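Data first, discussion second: the structure below is written as structure tokens.
In this document, chain identifiers A, B, C, D and E correspond to the written order of the chains, with residue numbering beginning at 1 in each.
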Amino acid sequence: MVVSPVLLIAVPLLLAFIAPLCGKAAKYIPPAGALFNLILSVILIPTVLKSPMIVSIGGFPPPFCINLFVGPLGIFFAALISLAGFLISIYALSYIRERAVGKYHTLYLLLLTGATGVVLTGDIFNLFVFYEILCISSYALTAHNAHWHRHGTEAAVKYLIQGSVGSAFILLAIGMLYGFFGTLNMADLAKHIARAHSSVLFIPLTFFIAGFGVEAAIFPLNAWLPDAHSVSPAPISAIFSGIAIEIGVYAIMRVVFTLFGAPLSVMSVLLIVGLLTLLVGEICAFRQNNIKRMSAYSSIGQIGLIVFAFGLATKSGITAGLFQITSHALSKILLFLTIGYMIYSIRMKNYPDKYVTEIEINSLNGLGKKMPLTSLGFAIAAFSLIGFPPFIGFSSKLLIVKAALLKGGIYAVLMGIALIATVIEGAYFLKVVQGIYFRKGEVEGIKENNVFILVPFFILAALIIFAGIYPGILTKILNSSSGELLNRIGYIGRLPG
Amino acid sequence: MRKLVSIILLGALAFGLVQAVKKIPFGVQKTKVGKYYVERGIEDTGSSNIVTSVVLNYRGFDTLGEVTILFAGAIALGAVLFTGKKRIEREVYPASPILSTACKFLFPLILLFGAYIFIHGHLTPGGGFQGGAIAASALLLIFLGCPGRKTDGRKTRLMESLGGIIFVLAGLLGLAYGGFFLFNFLPKGTVNNLFSAGIIPVLYIVIGFKVASEIAGILDNLFGETE
Amino acid sequence: MTLKILLLTAFGGAFVTYFLGKVSSKLRNYFAVFVSLTLFVAVACLYGKSAENFSYFKFFGNTLVLRVNSLSWFFAAAVSAFGALSVIFSLDYMKGKENLDFYYMMMLLVNAAMLGIVFAADLVSFFVFWEIMSWSTFLLISYSGKNALPAGIKYIVMSLIGSMAMFFGILSIYVNFHTLIISEIARGIVSASSGYKIFILVLFGVTFGIKSAVMPLHTWLPDAYTESPTPFSAVLSGMLTRMGVYGFLLFFYVVAGASFFFDIDAGISKFNYILCWLGAITIVIPTFIAMLQNDAKKLLAWHGIGQGGYMILGIAFGTSLGLAGGILHTLNYSICIVLLFMSVGAVEYRCGGVRDLNSLGGLIKKMPVAFAGALLGISGLIGLPLTNSFVSKWLIYKTLILKSHPFLAFAALIGTWGTILSVYKFLHNNFLGELPEKYENIRKSPVSMQIPIIILSSAILLFGILPGIPLKVINTIITSFGFNSLNVNLWGIASETGTLNTINIFTAILIAGSVIWMLFRVGKKSFPVTQDDNYAAGAYVPAGKYNYTADFYAPLFKIVKPYLMDFADKFFGWLCRVFTGFSEGVRKIYAGDVGYYVLYILFFAALLFFVQSGGKSW
Amino acid sequence: MIFYIGSFALVLTGLYIAAAKKNLIKIIMGLSLVDTGVNLFLISIGYIKGGTAPIFSNAAIPGKTMVDPVPQAMVLTAIVIGLAVTALALSLVIKAYYHYGTLNVRKIKELKW
Amino acid sequence: MAIAYILIILMILCAVSVVFFKDLLNAVIALAAVSLIASVLFFLLQAPDVAMAEAAIGAALTTAIFIVAVKKTKRYENEKIS
């Protein structure tokens, strides 16, 4: 018997509703939910690879009801989200221990649910609803413990304002599409759009890109990101960088590829925008003194690379982009978690009463001796982000460059420019690595001994290395995922009736 | 300067919007999905308010998401305003007897009205959200008119959670009975009866309570004095 | 199969060393030595074997392959030998420092990565090992902290620029020829257009130019050599930088193919000719800059750049003789420079980390072995007869003169003069002259340092007298490139215009030397005097207060210093500052004012409208 | 058509407030206006001239003339989302005021560059 | 639909006055007026469900929340006036 994929959304939602009733035990709920999702999505992968599952909700035939489209792409993202969510929630078990703890865990689980819903749904308005769940929990988690957290509040306010403008754009675009075609089901919409020869279809597309672009953090819509990612608590920074912005990219790609069939002009714009995002992100990261802000800008850069890869609009390009999403998720999560633990330890030693979530790079000096495992994790993550072999970042960079070169011509030139960013990234990350290992700092009395925090490091580092050496394990699902994005006819064809 | 730039940019945006809207004729039947709902709604769901049947049955998943958003919003607001301190019991100036008496008099009436709205969601305009909001405005009246009164946070939270849990459980029961999440597994009954339309009234009542308690929680949090 | 096991041993050994260090430091040290020696023995056993395209791994559906042939064996042997020697040298040198587990692991890792590079037979494995080498080198350079950190950053940034160029080139090749295996690419590239060939060669030229520090790209090297731990400086100069030379050989002669390499005509001049001139510049300028240095390691570092020029010159020239000269010089130079770094290391170790040439001196009696090593090392660098470099330099000169390139030959010659001047300063200021008082009771260098020094010293003499040993291998290398075989015998090499026969030279020098020695014995004209009498013109100078090694070559300094600025370094520094300023400006985009941010969103949407309404792709 | 114009006027006014105004609460009001405008837009899309509300208060009403219920369902959702976002936004504004002592966005910029 | 025209013009006027009111309480009231008129418009567009929701949520509750927020911060846009 095949399990229904709707459980991927329903069960975490149920758990999220239960969480506020659990009091102190609430913190065990997110790992449970994420673990459930992880197992379920892994179980579903073989079935989905054979043929995508259409799950109608409410028992009516699509397009008359909301349906889930559980294709390889969706299940891949669901698995990634739940894996990341699981590891981060284990980390958070002992990391988040003060003040509004229960609310944190509920919102965290809601964020995961929203992300899962976005990637699984086959209905554009439903996508918007889940996207809003994701956004609202993000706003709140950015400002976690707002009462003690000046910068968190500021970042959250700014994030919320920009996010709301983006959401309004999305809703406008949905309205227009409904006005044009009278349906909300994505397959149905795609069918209509493929037939239509309207000269105004670019307007909803523009609103979609500008709207989802805020969450996807493409330049110049990403001004919230460095603020929000740098001031939120480490697990939240990790889930933002590793999952949330990737969901934005997913949404853009789903709209552009599946709904609108990837028109050339849009793809070139995305390509340029991706390149700009990459360069601006890396250049800004280069001059940061705050370690988390630096990593946040680095996330912008990586997202730029992802968008660039998708912008190539070839199968190899999309596969490369998806690979880069995986690699960025794993590496950036590890990076933020290790930074978080360092900040936590320093804070516990120096000012245990203040609520601190960010720190200067110089304060990390010399931690390599006191926190060897954490520092090793940081180094692995940084190396992977730069793209050193044998870590996973190397494989993804290889795929992206290969895809760009396969397309040849101007794309190869742009790729060459994009590679400059790697050099910049190397410069600033390795400076930090040097500081941690080879500089002297005041690190007396700091130690690492929390198993719950160290276990996720270990798993993530193992995954980064393992997938770096054997990238073949991912290629099958990524290939069929990119096939799903490109095969618009196939997507439409799944619509019964 | 900034104003000028924003006006120029908004002009460009307006141009785009107008371009798009030219293709959307106003006031013309254009949707096959909507038409289907109107034609088959009663038959499929047993609810005479088609909007309700769309909200809770055809697009019930959206509504689950919506409920979740409100839930998330309430939790988020609680988290943002959380100070970790006991609320200060400030000396309140009692409102004039006329005001408080009127409030107390109106309170059950508005509450009743709200309840009526969400119970009859499948028959008349309105439903869980509207009814819940109206019930919450009754609470708002009490907050304003009778200072010093407040809701019991634990109970509203319990209600919120229970509402959500029941909604999801109903969906899961549908999955178990009919093979579809949120499947309308209860008998549809006769149209235009109170006890008709399967799980729709059940869900709307649940939503009504949930929305009311959530908004009450939000208001309570906002009104609460914290230094 | 052996290759796979070999590499696994190399990499595994590195990690095992780290974990053994957690158990016991003695065990770790012995194990590190054991691993590096094992690798040397294993590589040595591969002599004469050749195996092409032995597949060992699948990566994205591409088979990764290894191979061993004379070229890779030659480099692998050198790598593993120098690796083993520097690990042995480290035993005492590094004693008492922090993070030794890490240090040994990285030493072995660099070693392993270099072995991987030379055994790789496809471009992806080549690149992977290349990058592993880059980052592990970076970590080792930064190991000492403080000044080493900027040096490390400089290294890794330049190295990354190089690797990105190579990465791009590799994938471009892959996309065009659908294969990554070097031998297959070599077959495919014949049909490529000449523009494409130049493109590829420039990309790879940048990579290997940076690694082997060809003149405008050399700026990372002086700092890196100076600041890394001395045993690693030895590895760095001895082998790691020479990986660039290996890369040049591989790409110009194996991948691109010799015929192709010389055929491309860029319209103005041939690619290899440009490279020759770069090599010549690289010989001259750094050698003179070296003269100005007062830090022993920095002096050697600048030499490292200069001598690299000879190799590039020889290799790029591309005749059998020149190529043989270039390759041989790679080996010879490595021996010399490793030896010199080890002597410096020994001195540094005993003098408490002092490398300043102005404050040292007179250590000849205290540290005879180090002195002998240094003496032989500088003789080798200069290319005195009977030392190994004599042969290789002779080959290079001969090529240049035979092919009538007098300017290049002249440049090479000037380089040698500069070398003589500067390395003499090195020898003098370290070992000759007055011994400063505070070093009165210095002891000899420890055994673990003496062993590598003695081995390398004898290698210099051995290869100087019997150059046929390496030349025989080199001969097979160049024949495998498609060049004419050289007429090599154990004593030397025969060519159209003359024959080099070291045994004759050896005999002649031996006889002359013994005659002179006899004369001195018989004459006994010299006698030691105290310093006060002659040195200070009769005035009393307290011993040790005035050390006449200070400000060596001061007059010369004054003349040449203004001309010997490191323009490349200045240029890159300027570039860095410009970039920093630029990024400082770019990040002002994120102005902190949410109104602007909303405007950005509106702007983006408006821009998209603009672009889209122009596009007619619907 | 006038409905479209009205709704876009709301949207643009709201966006203008968000982009050009300094006061945080004003900005949130702008966002609220945008929401209202979008909602109005959606409902106008679903309108049919001469249509009736999609409620069969007695079974005799012909279904043909009913307005489209889907936008109405969407707008219901959107209104609730708007409420949640507005409430959250205002709570954040209150906290921002608590920390910074001002509502002027030109002054609340400790996070920049 | 003449009444619709009047209402919409009124609504736009209210919306524009939100921009210009310096007193935030006035602006809130204008906002509530916009919501209220929108709710009437919803009713005119045959959407009684939405009209109800807009009236209850948009016009009543949102306004209340805004007023609370204004009360807890500053009343005037120009903060020098207290």
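Assorted remarks:
Basically, contacts are C-beta pairs under 8 Å (C-beta built on N, C-alpha and C of every residue); 3 or more make two chains touch, one makes a residue touch a chain.
Values in this document were obtained by computation on a predicted structure and should not be read as measured data.
Leaving out chain C only, with every other chain where it is, the touch network remains one piece.
The set of chains in contact with chain A as well as chain D comprises B, C.
Path length between chain C and chain E in the touching-chain graph (shortest route): 2. Interface comparison, A-B versus D-E: the higher number of contacting C-beta pairs is recorded for A-B.
Overall, the chain located most centrally, as judged by its C-alpha mean against the mean of all protein C-alpha atoms, is A. The distance from the centre of chain A to the centre of chain E, each centre being the mean of the chain's C-alpha atoms, comes to 37 Å. Chain geometry summary: the mean Cα position of chain B and that of chain E are 20 Å apart.
Distance from the chain B centre to the chain C centre is 73 Å, each centre being the mean of its Cα atoms. Averaged C-alpha coordinates give centres for chain C and chain D that are 67 Å from one another. Residues of chain B found to touch two or more other chains are 2, 6, 9-10, 13, 16-17, 19, 21, 24, 31, 33-34, 37, 49, 51, 59, 62, 65-66, 69, 72-73, 76-77, 80-81, 125, 127, 129, 215, 218, 222.
Shared contact sites, meaning residues of chain D that touch two or more other chains, fall at 3, 11, 14-16, 18-22, 27-28, 44-48, 53-55, 66, 68, 70-72, 74, 76-77, 79-81, 83-85, 87-88, 90-95, 108-111, 113. Listed for chain A are residues 125, 129, 132, 136, 139-140, 143, 146-147, 153, 156-158, 161, 165, 172, 178-179, 182, 184, 198, 203, 206, 226, 284, 287, each touching two or more other chains.
Screening every pair of chains for touch gives A-B, A-C, A-D, B-C, B-D, B-E, C-D, D-E. The touching residues of chain A, when paired with chain C in their complex, are 157-158, 161-162, 165-166, 169, 197-199, 201-203, 205-207, 209-210, 213-214, 220-221, 223-224, 226, 263-266, 269, 280, 283-284, 286-287, 369, 383, 386, 388-390, 394-395, 397-399, 401-402, 405-406, 408, 412, 415-416, 419-420, 422-423, 426-427, 430-431, 433-435, 437-440, 471-472, 475. Across the complex, chain D meets chain C through its residues 15, 18-22, 27, 105-106, 108-113. Chain D makes touch with chain B in their complex at residues 1, 3-4, 8, 11-12, 15-16, 19-20, 44-49, 53-59, 63-64, 66, 68-74, 76-77, 79-81, 83-85, 87-88, 90-92, 94-95. Touching chain B in their complex are the following residues of chain C: 595, 599, 602-603, 605-606, 609-610, 613. Those residues of chain C lying in contact with chain D across their complex are 587-588, 590-595, 598-599, 602.
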